[in-house]
Structure formats: structure tokens, C-alpha cells
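To keep things simple, chains are lettered A, B, C, D and E as they appear, and every chain counts its residues starting from 1.
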Amino acid sequence: MRSLIAVILLAVIGLGLALCLSDMPFGANHIATAEKAGRHYLEKAPQETGSANVVTAVVVTYRGFDTLGEVTVLFIAAIGLGMVLYRRKKQEGKPPQPASFVLQTGCCFLFPLILILGVYIFLHGHLTPGGGFQGGVIVASGFLLAYIGCADMKIRHRWFEATESLAGSAFVIAGMAGLAAGGSFLMNFMPKGNFNTLFSAGIIPIIYIAIGLKVGAELTGLIANLLERAE
Amino acid sequence: MVNPVLLLAVPLGLAFLTPLLAFISDRIARYVPVAGMLFNCVVSVSLIPSVLNRPIIVQTGGFAPPFGINLVAGPLGITLAAVIALVGLAVSVYGLAYVKEGATVKYHVLYLLLLTGATGVVLTGDIFNLFVFYEILCISSYALVAYSGDKNGVEAAVKYLIQGSIGSGLALIGIAILYGVFGTLNMADIARNIGSTGILNTTLFIALAFMVAGFGVEAAVFPLNAWLPDAHSSAPAPISAILSGIAIKVGIYVVVRIVFTVFGAPSMFMLLVVIGVVTLLIGEMSAFSQNNIKRMLAYSSVGQVGLIVFALGMATTGGISGGLFQIISHALAKSLLFLATGYMIYRSGSMEISSLQGMGKRMPLTCCAFTIGAFSLVGLPPFAGFPGKFMIVRAAIAQQQHLFTFLIALVLFGTIIEACYFFRIVQAAYFTGPREEPDAGKQRREEAPLFALAPMLGLLVFIIALGVYPEPVIRLLDSCAAELLNRFDYIKGVLG
Amino acid sequence: MSFLFENSYYIAAVGLILIGLYIMAAKKNLIKVIIGLSFFETGINVLLIAAGYIRGGSAPIFSHPDMQAGKMVDPTPQALVLTAIVIGVAVLALALSLAVRLYEHHGTLNLRKIRELKW
Amino acid sequence: MQIILLTSFGGAFATYLLAKISSRLRDVCAVIVSGLLVVFVALLYNKTPAATLIPSFVGAPLTVRLNMLSWFFAIAIVVVGFLSIVFSFSYIKGKERADFYYLMMLLVNAGMIGIVLSADLLTFYIFWEIMSWGAFLLISYNRGPALRAGMKYIVMSVIGSVVMLAGILSLYAVYETFVFSELAGRIASASPAYSLACASMLCIAFAIKNAVVPLHTWLPDAHSEAPAPFSAVLSGILIKMGTYGLILVLYLFVGVKLFISPTYVWRGFRFVLLVLASITILVPSFIAVMQNDAKKVLAWSSIAQAGYIILGITFGTTLGFAAGMFHFLNHATFKALLFFGIGAVEYRTKTRDLNSLGGLLKRMPITFIAVLVGTCGLIGIPLTNGFVSKWLLYKTLILEGSPFLAFIALIGTWGTILYGYKLLHHVFLGQLPEKYKNVRKAPASMQFVLIILSLAVVVLGILPGIPLKLINTIAVSMGMDSMNINIFGIASETGALNTVNILSVLAAAGIVVWIILKASKKSTRISQEDNYAAGAAIPAERYSYTVDFYNPLYRMIRRYLRDIFDEFYYWIAGRVQAFSDMVRRLYVGDVGCYAMYILLFLSALILSQVWWRVW
Amino acid sequence: MLATVQNCMVIALTVLMLAGAVCACIFKDLISAVIATAFVSLLAALFFFLLHAPDVAMAEASIGAALTTAIFVIAIKKTARSEEE
């Protein structure tokens, strides 16, 4: 009964969406004119920000404020998860079963490689696809692997907390520096450098490093919290 | 002049720093929200005079509005930011005393971020940025509702989360449609593209419908508000106060901003009015026969939301400034009520109204605060609720339409019901319970601690001050109403 | 057929959104509901990216100096979707942690049975 | 003027704060404040100051002014207020939360002063509400059944103020002003339907406060459950704020010319008011006869007496107006007196049940005399002020050709005699129950109040010219004909009234009766125990008390005197409650359902657009 | 020709994706449902790639397909695995 009503309602909503989508045909060039933001980004991003990856330019500079908010959301999720799963007394759970030897060795072998990959991705965010988030997630998945595989690995939460706190503050401080130096928050006030090289694009790599570290630390903390609760 | 972006950057930075500070000492971390809100309070109040003439447009990243994200510190935004900071300050001081158990540092961080999210929503001029701040607000409130970790808190948080994420998802669909049609995310730019057609075409209307339904969840208008009674009644007292006082107001702000400024859709105004009345009636009626006091207050918030939406939907200067005044007075009064109730429940150990017996003797000051808050909500002079209700009714009658006459009758009926249940509680607090000899009362007095009383009394002073001399605020709100009504001024102000 | 060719991305997006909403409205199990939520969010992301696609465009990265800005897809939705994905995972993580807590309290995740707060 | 308001409000809070230091200081402060108010108001006699309190409050100034009408009401308020505070002295001593009690007493008083002083509807409304919620807190003060009474009162009061708000704002919507004097001129030219609508809304609001019959149900409970001093204020003054409001509406806004004009609309309106007023006299008078709670008797009597006032005022002629206004003043004195007297009895005996009281004549002589005087005034026995006003009223009714109404008013007076005597007898005459053997006299502060008011009743009865002169000035200022007043009454062809003549006639009659009594056989005193009981001594607890005093009458009229309105209101309240409970079921607690609500809302919006294109 | 093949492929992917979603809806075993979810996420990442959004594709693949699944599995481990009680 409920499913039926739901299907009917969703049919109506689907109809509405379809009507909308017929107004924005797939693949049409909706940013043809110059005053559209998308066109502006494509044409001006290399000069204005010095980043080869326009998406990165948009994420970090044009819509940097969004990114700050997004980092905050993740921060909230990490903290909120810790709060929800907070336990007054730390109970001693039974020690986790050690993983099989193959898994353990594989994890320990892969762990540094994954970390390096993650760091590479967020360092090259302004040049190649990827950036702070993707890199951070990859770092976190490395830690996930370590948690699963190397059961005896204990990383203290405080380090993650310190990292995310520092990285977050670094983001805000970079923004404030922009405000102080250029008169507007998150201003890309540093020299742009040579286009398409690692040391270019002003504060973008710096912010992306901060984001990468922060996202990595947050997601790791998140997983660690969940896992701890599990055992 | 201070840059309004600091209203967001400073609390954000403080929130990020808090875990570090907590390494040094938990005591320092506790005072971070107080510091952040104090800062916001000072800054936003000091900004009010300068934004009255023309809004301050703040660019981020140094890019001109349609290309970068901009903040629009107009009268409306700054006024709401000031209210948020003010109520936030009071509640954070209260939290110092109230929040003792559990992950206190995390609580304070989330609390500060919740208020930052709310401030961001009212200040931003970019619709996706609005969505992001809206999510900050929502997600931190999901987590905070479950702060105590008890059965009801977690259940309420789960329900809130599910409904809230459906809402934000729908809103994001609306934003996606708008972007697909216009290729821009700046609210002023979208508004300029929509123009002043009056009647929207189907696509735009559906985008609007998605956004109203989505953001309406946080605004708690009738069919979308089922999370509210659960969440408000199960959260810890300061969070209930913030949710009722601030969070739903921000939701209302978003809906109104979208309907008025972005779409300029006069055809939606009537819908708002009708939804408002229905919400009001359902909220007040549901509150009428509640035995759980926090749930009753929560339903009363639903009713008040209805009243506010009704007022804003009238789309006249009088109606809007009445609605905004009601937002302020309700924010003050309802957070006061929740704060007072928090300690009453703490002392009596039960949320049943019958357990409030004799509270007037046990905690006289808290009870007095509760009573005045209740009177203010009912709209009795000389408290802040009166000018708001008065202006709303005046604006509705000034419409001089039969429909409005009918609706205002329903609204007043709702007010009567509201008066009934609030007076019942006031009676229960003062005039029931064991009769005591005047001398014996001294040793049984268990007043709330000073840190909890101070913010209550602060809010009380504001309620009475607003009730006795509302004129400066009304003048401010009139310019807010003008900002909402003249969308072309807004567009011109942002895009030049 | 050409309709399908033209709009298959949209169909996928809308389909995901609707299935997600259906799961959220009609399913009893909280984990299922959260799965529905993740579909819903994925669907919106696909919708946004599809809306930003420009026929014949390339990825908005100047990996070679001779690339032209006119031949690129719109980067804005991609930035938005990046944000939306992260927000989505944040909500998801929080929801799952709440589910764990809920299970500890009620011993079930059946939402029809978890109805202490009502009326 | 501002000083008056400042004293009244500031004094209330000062009293409360001082009470935290010592209760002695509190009493002194309360008396000083209320005494100062009497002085201030008295000093303002025949002056017409005006002032602005707040230059702009929600877009309109808050202004106050004083004229003869408001002075007339104000002096009654402050005097009764002062006396009630003095009376409270011993009444409230030793009860819980006395500080709060004083605060509220003074606050309600301040609110009422504000009402009569206000020069515009907005100010009026604000003070009206302050008075209303203050009274609510005071009515609930006694706990127990008082809670129910308080709820009933505040619900009806809120309904009233909501209706009033609607009325005020309907006026504002057209004329864009709240000020009385500006409104007064403009309404006369409005369309009859519109002004009738506004006038009836305001009248409903005032009728609730004034307890005109279909809207009276809060009053009996509230009056009987409130603390005695406040009952006096409530009955004597507070409900008369409704009268003040009615006078404002009928004589100032509508204008007396229009009100008694023979147009269809206004004739009908006036007719309805007159009928309601006469019902208000008739039915409650007999319900009062039936009550066994001393304060309930007085409460119902208040409704009936308010009916006389309304009858006089709605009549619209100078004489009627004078009758109404004078009766207001008289009612304030003698009803306050009665409440104070019964309060004193209650204070000493801790009960108000008429059937268990009796024979207190010897124990509390001063109280007895006061209640006797009050009852005489209530009934309208010559030489008390009640006689004068009732005489004026009958005169008006008969002269203006409404003998039927006069007849109803007379029947009401019979009822008054019945319950007045019942009250007097049950409390003070008959046998003294054992347990009240040791009842002491009322405390001095109470006796002081009782004596003052008794004197006022008699003085006003002998020298009615003092207030009538004032009333005449008011009437003239509102555009009515003048009367020819002298200190002993009215000298005119139509309604000559001279208390000197009456006094002499009465004196003569008294002498005759006394002579007859002297000449006839001397009465013998008989001991209480000396009645026939088949030889056995009657145990003390078996004394015959008068329980079913008017049993035959009671059996006769009981059937017609159910308070159907009260039952009806309870029925409505029950329905609303049941319906609210049903509405609450909407929140089923299942989050899937809630998700469906959201989808339903969205799809309804989309559907309405796609199919009907409504937006 | 190439375009047609690609179009057909996209249609096939769409069908697969929706089928995966429906499967996730139907499966009583929550772990299977989560695997189906991961599959859908992976396909979504592929879609993003096809729509020339490599950044998003990376994010979706790493977050949607890997991290989310891990969190889901951990959470299911701590609660009940089967949908029915």
C-alpha cells in the first residue's frame, strides 16, 4: 500500500523532473556567452589563478568559500561521529583477531604506497585530475587498510585530531592572509609561478595540501572511531 | 569598518582550533563558543548602521560577483546574524554550566559550527554556498540532537537526519535545475535572469518547488515538519533552544529569500500564507493536549513558524516586518523557554507537565523567566511577542480581503489555543503542588546555577526592552522588508 | 532510440534519484534507508554533471598548451559535485554511526518498530 | 499623569523588591503607593492633561489623557485599590507568596489606571492586557478550584482581547489612527455595516469582561475563588472596565446621536444590547438565590448588577446614562463592601459555606453592620446609594416607554432582596455553630475598610448630587442633554429626586413604626435551647440550621436556571480538545511516513502546476 | 559508428546501474545490498569519466565505491546483517 503511494508520488516527481530536463537539453552549450561563470572560468582561470586544472581553480579560488564549508562539513561529521559514539568509560574489548599472514603482509606493503599515491594526488591537484579531497580519501583508505590488515597498529587519535585541527586552521589562516594582503578573503595573493609546473598557482597547492591532510585525518579518524566501536 | 566575512571566518577558525586548545585544557575549549559569539555579536551590531543605506558586498577570492562567491551583508542578513549571535551567546553561556557530561569539547565545537552555518546561510549571496552552509547547520544539528546519546535523542536524530537529507537533496536538485537553465549560481544573477515575469514557466516553477520543499524541511512548515517535535524535545536544552530559536528561522529565511529575491514569484505568496495558517493551526492544536513539556514547546514552535510564514507571505512591508519581528521575539522567547525548562527538567527529573508542580517555589527565578517567556509567546504586552503579533494582525487586516479576514480569524483561534496551554503550564508551575509555609521555603530552593541564570536574565531583559520600546528594531526591520520586496535593488546592489 | 541516446545520462540520474527516494520512503530497515540516501545523492551528482556537459567538450584541464577553452565542458558543476560528494559521505558516516547507536538502544533497525517518539 | 503611571507601575515593582528585605517594609510601601495614587488622582480633578508616553510604538504613539469620564473611573479605581490593599494587610499575612500577591494587586491596579487614562486604542489595549494577565495570576492564587476558575477566566479573557484586537485593527485599517478623539469624528460617517461590525467586535470584547449574559461564565468561578480583597477589586472595578469600554464605543466612537438614532441597524443593535442587559439582570439574580457559597452569591449578584449598569448605559438618554454611571459607582462601593465583609468572615472562620455559618452577629458586629449596609445598598433601600441609582433607572425606563424592561429590572430586584437576605441571615443571624464560638472580631485594618465603605454607601445615598454633578458634566461633554442637579438629587420636571424629602418621609415612617412597636406588646427573649423536642435536650450539633432556605422557590425555578452557556462552552472546549488530539495523530512516529509527507508536498506542488497551472 | 557504439554502451551502463540499484533495494542481505551500492557508485564514477569529469570520477570512485562501502560494512557488522528481524 505504502509502496504503491510512494510509486505514484515518485512518478509525479519524475514527471516534473523530466519536464525540467527537457528545458535543458543534454550536451547543449549552456555557457556559450562570456558572462556565464563557466565560460569565464575556462577562459580566465589559467591567467587568474595559474592552475592548469580548471576544476581545481574553481574549487580552491573561485569557489574557495564552498570548499571551506565543505571541509567544515567533513570536520563536523568526524566530530559528530566521535560524539555520537562517545562512550563514557573505555571498555576493554576483546583483542581483535589478527588477520591472515598474506593479508597482513600485503597491507603493510601497500600502506606506504597508497600514502605516497595520495600525497602525490593532492600535491598535483592544480595540474592533473584529483586534488585535496581525492588525495585525502586515498590516504584515509590506506589507513583503513592498515587498520584491517595490521591489527596491532595503534595510532593515537590525538595525532589525527591535531592534524585536522592544524590543517583547518591553516586553511582559515591562508584565507585571512588573503584578506590582509589582497583585501578579500581567500585571495590568491602569492605569485602564480610558471604555468603547468608543480610550484605554481599561488596558494592553491598550499590549500590543497591542507585539505588533503585534513580530509585524510578526518576520514581516518572517522573510520577508527567506527572500528573501535565495533570491537 | 569590519569586513563581514570575519563573521564567518573567525568562528570557523576558532572551531578548527578548539581541538588543539583542548589539548592544553578542556576549560579553555569550553569558552571558545562564548568568545566566537561575543565577537560576532559585536561585529554584527557594529555593522548594522553602515548596512542600512546600502548592503556591503563582500567578494571572496577577489572575484567580482557572478564569478566568485560573494557575501551580501544587507540589512536582513546582518540583522539575522546579530540575532543569531545574540541568542547564540546567551545559549553558549548557558552551555558552560549545563553541558558537563560526555564529549564536551566536541559539543562546543559543533555548537559553534552550527551557529557559523546559520550565519553563513543568512549572509551568503550564492545559492550553492547557501546550500553548503545550510548543510553545516543541518549536519551539526543532527549530531547535537544525539548529544546525550540516550534512546530518544538517537531516535530523534536519526529521524531528523533522514528527513533533513531528503530535504537538502531536493534543494540540491532545485539548484541543479537552476544551474542547468541559467548557468549561474549567484542569487542576484539568477534573479536577473528570471526577470520580473510574474508568472514562472513550468521549469522554473518546478525548480522553485524542489527548493521550497527542500529548504522547507528546515523551515518546518506543515507537511515537512515531522522531525521538529522529536528533535526539539529530545535534544539537550541548549540545543533545543538553538534549534527552535535559530535553526528553523534560518530555514524560513532561506525559503523567503528564494521565493522573494531569487524568483520574485508573487504567485507563491498565497501558498506561503495558506501553508502558514495550516502550520499554525496544526502546531497549536498538537501542542494543546501534550503532557511532555518540551514536546509542547516544540509544537508551539511549529505554530509560531506558521505565524511567521503567514506574515511573510503577505508580502507587504507591514507583514514582512511583523514576521521578522516575530522571528526575533520568538527566537528570544523560545530559547528562553527551553533554557528555563532545561533546568526545571534537570531538577524534577521528568518532562511531564505535572512534574513541574511547585517549581515556582523551588526555582523562582527560572520560573519567572519561563512565565515571561510564555507570556511573550502568547503575545501579551509589555513583552516582545506583542508588537510582533500586533503588526502581523494589523498587516493582515489591512489587506482588506475576505480571504484574509477568514485566515486571520484562524490565526487568532490558534493564538487562543496557544494561550490556553501556556497559561496551564504557568498555573502548574506556580499554583500547584504542596502548599508550603513561607519560612520552610528557604531550604528547598534549588535555583539554577549562575551561568545558566545569567543568559536567561539577559534574554529576559531583551524581551522586555523589545516589548516596551520596539521602535528602533521596527525601523531596522522595515528596511529589511524593503530589501526583500525590492529585488531589483538587491540585484543592482550585487551586480552593479 | 535517439531519445534514449540523447538522454540516457539523465535517465540514469533521475532513475537513481527516484529509486533512492523510494527506498527511503518505503523501506523499513535503517541501513536500507541509508543506502537509499546514498543512491539519492549519487543520482543528484550525476544529474549535475550531466547538466554541465557540453557536447564534444574535453575535460577542463589544460594538460597541453594547445588546448582551447572553447572545447571544454563546464567546470562549475564538477566543483559543485566534488563538494556534494564530500557532504554526502559526511552525512552517510553520521547516519551510520547513529544507526549503530540506535541498534544498541533498540536491538533492531526496523523503523516501523522504533516509534517511541510520536504524537 | 506620567507620575501616576510611574507611581503605579514603579510602586508595584518597588513593593516587590522591598518585600525581599522585609515584609513590614512591603506593607508600608504598598499602602504608600496606593495612597499616593489616591492623592494624585484626586489632585487632578477637573484638569485635562494629556501626554505622550512613547512617541512611536509599532508606528503609533502611546498617549494618555485625562477627562471627566476617566477621572470618574480613575478615582473609583484608586480608592477601591487603596482599600483593598489596606484590607489585604491582615488577610494575606502568613499566606504563601505574599510578595507576589502585592505585586500583582498593584500591577492590576496600575493596569486599570492605565486603561482609563489611555487616549488611544493601542495604549488601551496594552493596559487592558496587563490587567488581564495580572488578574489571571491573582485568581489562580488560591490553588485548588481556583486553577480551573483562572483557566476559564483567562481563556475567555484572551478570546475577548483577540476579538478586541481584531476590532481595533479593523478601525485602524480604515482610519489609520488609534486616537479616540480622531476616531470619534470619523466613524460617524462610515457605512453602517462597517461601523456596526467594528462596534460589535469591541462590544463583544467588553461584554466578556463585563460578564453580560451569554459571555458571563467565567465570572462566578473567578470571583468566588479569588482572594477576598481581589474579589472586591474584581467585582467592584475590574469588570467595570468593560463598562468603560462600552461607554467609549457607544458614546464616543459611535456617538450617542447615532446610537439612539432610529436607523434600522442601530435600533437593532441597541435592542439586542438592551435585551441582553435585561437577561443579565433577570437570570443571574435568581441563580444567586440558589447559591450556597457566600462569594458565589455575590459573584452572581455582580453579574446582575452589571446588567443594571449596562441597561442604563445602553439606554442612551442622559437619565439612563446617569443611572448607569451612578450605579457603577454604587456597585463599586457596596459590592466591594460586601466582598470585604464576607472576606473578613472567611478570614476568621475559614469557610464561605453559607449552610455552616450563622449567628456571627454577636461575634463580628462591625462586619455585620457593614454587610447590612452593603446589602441595603444592593437591594436599593432608600438612604443608600443603590436606591438612587435604581430609582433613576426605573424612572428612565418608564419615562422612555419601556415598562417591560422596568418590570424585568424590578423582578431582578426581588431576586436581589431574596439573596441579600439569605446572605445576611445565613452568615450573621440564626444560630451560632459550636465551632465558631470563639471567633474574634475582624482585625482593625479590615474594620477600617468596612467602615469607610459603609459610610460611603450611606453618604452617597443621602447626597447623590456629588457624583451626579460629575456625571452630568460627563454626559454634557458627550453631547447629551444636561440635567438639573442639586446636592440632594435632581430637580427637573421629569425626574425630580430629592433625598431630603425621602429622608423626612422615612424618618416619619420610622417614628411611626417605633411608636407602634413601643405601644404593642413587648417581645420576649427566648433561649436557643428552648424549643420543643419531646422533652429531650437537643444536642448542640443538632440545632436546626437553615439549609434549604428558599426550597419551594428553588424547586420551582431550578429547571430554568441551568447555566446552559457554561455547559455549551465546556462542550466546545471538549470538542476542540478531542479534535486537537486527532490532529496530533498526524505525527505517527514512522519516519517513512514523514518522508512520504515530504514527497506528497512536492508532488502536489508539481501536479498543481503541470495540470492546472495555478502558480 | 563509434558514437553509436558509445551510445549503446551508455544505455547498457544505465540499465546496469539501475538494475544494480533495484537489486540493492531488493536484497535482504544487507552486505549484498552494500556491494550493489558500491557497484552503482563505480558505474557512476564511470559515467563521470565519460562525461569528462575526471576529478569527480576519482572522488566518486574513492569515496563512493571504497570508503562508503567500508563504512557501511563496519556499521553492518555492528548491527544486524539481515534486513528482516
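Annotations for the structure displayed:
In this text, contacts are C-beta pairs under 8 Å (C-beta built on N, C-alpha and C of every residue); 3 or more make two chains touch, one makes a residue touch a chain.
As the structure is a prediction and not an experimental result, all values here were calculated from the model.
Taken together, subunit D and subunit E share the touching chains A, C.
Centre-to-centre spacing of subunit A and subunit C amounts to 16 Å, using the average Cα coordinate of each chain.
In whole angstrom, the spacing between the mean C-alpha positions of subunit A and subunit E is 20. Averaging C-alpha coordinates per chain places the centre of subunit C 68 Å away from that of subunit D.
Centre-to-centre, using mean CA coordinates, subunit B is 29 Å away from subunit C.
With touch defined as above, residues shared between interfaces to two or more other chains in subunit C number as follows: 9, 17, 21-22, 24-28, 33, 50-53, 59-61, 72, 74, 76-78, 80, 82-83, 85-87, 89-91, 93-94, 96-101, 116-117, 119. In subunit A, 2, 6, 9-10, 13, 16-17, 19, 21, 24, 30-31, 37-38, 41, 53, 55, 62-63, 66, 69-70, 73, 76-77, 80-81, 84, 129, 131, 133, 222, 226, 229 are the positions where the chain touches two or more neighbouring chains simultaneously. Within subunit D, residues 584, 587, 591-593, 595-596, 599-600, 602, 606, 609-610 each touch two or more of the remaining chains. Screening every pair of chains for touch gives A-B, A-C, A-D, A-E, B-C, B-D, C-D, C-E. Of all residues in subunit E, those touching subunit A in their complex are 53-59, 62-63, 66-67, 70-71, 74-75, 77-78.
Within the complex formed with subunit B, the residues of subunit D that make contact are 54-59, 94-98, 125-126, 129-130, 132-133, 136-137, 140-141, 143, 146-147, 150-151, 154-155, 158-159, 162, 165-166, 169-170, 172-173, 576-577, 579-581, 583-584, 586-587, 591, 593-595, 597-598, 600-602, 605-606, 609-610, 613-615. If you check the complex, the residues on subunit B that touch subunit A are 3, 5, 9, 12-13, 15-20, 23, 58-63, 66-69, 101-103, 106-107, 109-110, 113, 116-117, 120, 124, 126, 128-129, 132-133, 135-136, 139-140, 142-144, 146-147, 149, 154, 157, 173, 177, 180-181, 183-186, 202-203, 206-207, 209.
Across the complex, subunit D meets subunit A through its residues 592-593, 596, 599-600, 602-603, 606-607, 609-610.
Against subunit D, the residues of subunit A that register as touching in their complex are 2, 5-6, 9-10, 12-13, 15-16, 19.
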